[in-house]
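Just dropping this structure here.
Every chain is named by a letter (A, B, C, D, E and F) in the order it is written, and numbering of its residues begins at 1.
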Amino acid sequence: MNNKIDTPRIAVFAGSFDPMTVGHWNILQRALPLFDKIIVAVGINTEKHCCQPLDERMAHLNRLFSNTERIEVASYSGLTVDFCHEHGARYLLRGVRNMADFEYERNIADINRTVAPDIETVILFAEPQYAAISSTMVRELMTFGKEVQDFIV
Amino acid sequence: MNNKIDTPRIAVFAGSFDPMTVGHWNILQRALPLFDKIIVAVGINTEKHCCQPLDERMAHLNRLFSNTERIEVASYSGLTVDFCHEHGARYLLRGVRNMADFEYERNIADINRTVAPDIETVILFAEPQYAAISSTMVRELMTFGKEVQDFIV
Amino acid sequence: MNNKIDTPRIAVFAGSFDPMTVGHWNILQRALPLFDKIIVAVGINTEKHCCQPLDERMAHLNRLFSNTERIEVASYSGLTVDFCHEHGARYLLRGVRNMADFEYERNIADINRTVAPDIETVILFAEPQYAAISSTMVRELMTFGKEVQDFIV
Amino acid sequence: MNNKIDTPRIAVFAGSFDPMTVGHWNILQRALPLFDKIIVAVGINTEKHCCQPLDERMAHLNRLFSNTERIEVASYSGLTVDFCHEHGARYLLRGVRNMADFEYERNIADINRTVAPDIETVILFAEPQYAAISSTMVRELMTFGKEVQDFIV
Amino acid sequence: MNNKIDTPRIAVFAGSFDPMTVGHWNILQRALPLFDKIIVAVGINTEKHCCQPLDERMAHLNRLFSNTERIEVASYSGLTVDFCHEHGARYLLRGVRNMADFEYERNIADINRTVAPDIETVILFAEPQYAAISSTMVRELMTFGKEVQDFIV
Amino acid sequence: MNNKIDTPRIAVFAGSFDPMTVGHWNILQRALPLFDKIIVAVGINTEKHCCQPLDERMAHLNRLFSNTERIEVASYSGLTVDFCHEHGARYLLRGVRNMADFEYERNIADINRTVAPDIETVILFAEPQYAAISSTMVRELMTFGKEVQDFIV
């Protein structure tokens, strides 16, 4: 079959990953066959109140994906679409868990299409068993001393 | 870059396409760089009341995509995931226009994941200017003698 | 105050009104100060399974509004926006009860904007106590011999 | 503890159950501790196109719950709230899977509150793994010759 | 009828109740026949900006329910499901007013099911006339010197 | 036609307008034929973190509408319905972009109907191409040094 296109398909999977949940992990694993490379991009958000320092998060993610050949880990500040351009990524990979996610992601995708028409947002539905899991929820459970190993990677 | 994966990425874009709208067309064009091949699959639904006979629809779609190397046109009856398996397609391409679409597609994707875990549903958001356009709406406008050239391909 | 605009503001309030509910009535009463005239337009839908014959519905609506100077009653077939044009109406008045209504009405309004850009869709929210009332529900209650006087006008 | 109320709490769980899915079953099992009795009430809908004849469905449900002391099986035509009254049931048990269900059930509950203010609608959320499963979907899979044992009871 | 189950059905109705609205009150009254006891549990949230001090809220709630035999008032910090366990409550009672509530409550219920599978979330729909009322709205109206007696208890 | 009503129809279009977007502008232009006067009312929100000082925003809006005879610009603190009363406005004009907007506006409208029954909320749907544009999004793009001239007026 020689009609395969030549440009590598690179996607950015952006987030705070504070922490990375089993939901994030599941989206990544399902999306991996679709792309030639996925960059897990940790957004540096100075305003957002974080739980785990950036360097520790980066170290953890680097360890997690050290054996996954086509996944890279990076951090960035600024707009996500600018990060995409700098890394030759044409795709933004997003998981959608529910209606609120859907509306939020659609708005972001519409704006991104205006400021960066060459970037395409690709959506996978969260699998039902992961749909209620968020980093925020995990941090809250940790605050109350709950075991969260089932929710994170 | 030698970490490109070797299996061709084949997607099925299924529908009645009665008629194919500019919204369908837009999803196809945007998805084309993501896949090595997209099969436009016309579902033969004996119950659904159709406007244009299947053979005319097929002829029209074949003409439309005769010059698009990586798009094929086919018809099928039966389950869409079975059609995917028969054609080596691992991806179901779907456009989502609004909340109702979102819920419908999520349910179908969840069921498909159960009966065919190897098939992944890939979602693109409809662009805003196409979000209200559907084949049903086009057929209704045609019934009332309205010009629909802006809505179809 | 002499900056009042001169063209009369005419709205069309279209529906099957089979029967007209207290929800329809409430929207009409609340919208009446906003417009110079509202045309209650009964769509003749040959496919829709109706409960009360068109002539009886028309007679009932004519009686209902015989004393309301700025409300007229008419029937129409064809597209609603064409009816608007024929009657010099620039506004389509719609009540929205819930999310499903919202999406439906938004789609229709978007399409109408394309085929008749001079027609504006004006939305009022249904008051909460009427939000669950629909003609369909009333017809179903009637089928089971229930008293429906609280729901209709 | 002697402040337990004396009236038995009887709920009606109404549906076509054509067939009863694992989702229905799950709602029943989770609701059982909450009520003193649950009546699985098979609505006889002459218009709805059914798959399995009523008597076979009833026989199957009777077998299913023959050992569950506090679950009874019955069929009914007419309004569900009337059936409740006839059986001394003050509660309508409903599972909600998604937004569309939510709006539908809320409308029905609002209407029921008007025609039968003594009946309370009690909602349980479908568990995520069952949220996409419906009788309609099961019947469709059966039409295409798919194995559906994982979806039904 | 001797098939009534013996374990008392205890529900927790948790919130800030700052202030308790007529919507909260309505849910409680409608749910009271369903449970043997309902514990109105005031969550102590150190981060949330409150209007009325905790001790005043507790005093007010204790007065409100001093004559309601099967309602108790308590305060708690920590996870709501832990509070349930400490008080032998198997049910979390929640009112749902709209879509946003629905998604929020479904997520919380899904997480709770994972960390405390023995706790069941029971949902009642808010009655339409109370669906727009929230403690936040009441506090805002109070800030602007509006009369809020119709909204609170 | 002498059945035009005599009271001028005055609407308030309230917001922070920090900045005014093309979406706001579009709603205003489409609503202008419907009303005799529209007051663009800049809410003074001491808590909200603003980008452009109030006096600059007011100056900009005054310039924008200096040639639009039936649009006035004003600022206000307090409840919007109180501002309406002070200015003889019976209508609150709102644009709705999506589901989240819809629920938010419906709640506000329901509350307003209770505290000020003479004020009617009038909704226009955002046109699709503007549905993703918000002042918040514009401010965020500005933070990252992006060009926003396409989004604001």
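The rule is short, and it goes like this: a contact is a pair of C-beta atoms (placed from the backbone, for glycine too) under 8 Å apart; a residue touches a chain by one contact, two chains touch by 3 or more.
All values derive from a computational prediction rather than experimental measurement.
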Please identify each chain that touches chain B as well as chain D. A, C
For chain D and chain E, the contact-path distance works out to 1
The chain whose C-alpha centroid lies farthest from that of chain A is chain C
When chain B is superposed on chain E by its C-alpha atoms, the rotation angle in degrees, nearest 5: 180
Using mean Cα positions as chain centres, tell me which chain lies farthest from chain D. F
Which of these, D-E, E-F or A-D, gives back the B-D interface, meaning over half of its contact pairs coincide by residue number? E-F
Centroid spacing, where centroids are CA-atom means, of chain C and chain E in whole angstrom: 40
From the C-alpha centre of chain B to that of chain C, how far is it in Å? 36
Junction residues of chain D, two or more chains touched: 99-100, 103, 106, 110, 128, 131-132
Which pairs of chains touch one another in this structure? A-B, A-D, A-E, A-F, B-C, B-D, B-F, C-D, C-E, C-F, D-E, E-F
Looking at the complex, which residues from chain E come into contact with chain F? 98-100, 131-134, 137, 141, 144, 146, 150-151
Could you pull out which chain A residues touch chain F in their complex? 78-79, 82, 99-100, 103, 106-108, 110-111, 114-115
Applying the document's contact rule, which stretches of chain A touch chain D when the two form their complex? 99, 128-129, 131-132
Listed in rising order, the residues of chain B that touch chain A in the complex are 1, 3-5, 7-9, 30, 33-34, 36-37, 69-70, 90-91, 96, 99, 102-103, 105-106, 109-110, 113, 120-125, 127-128
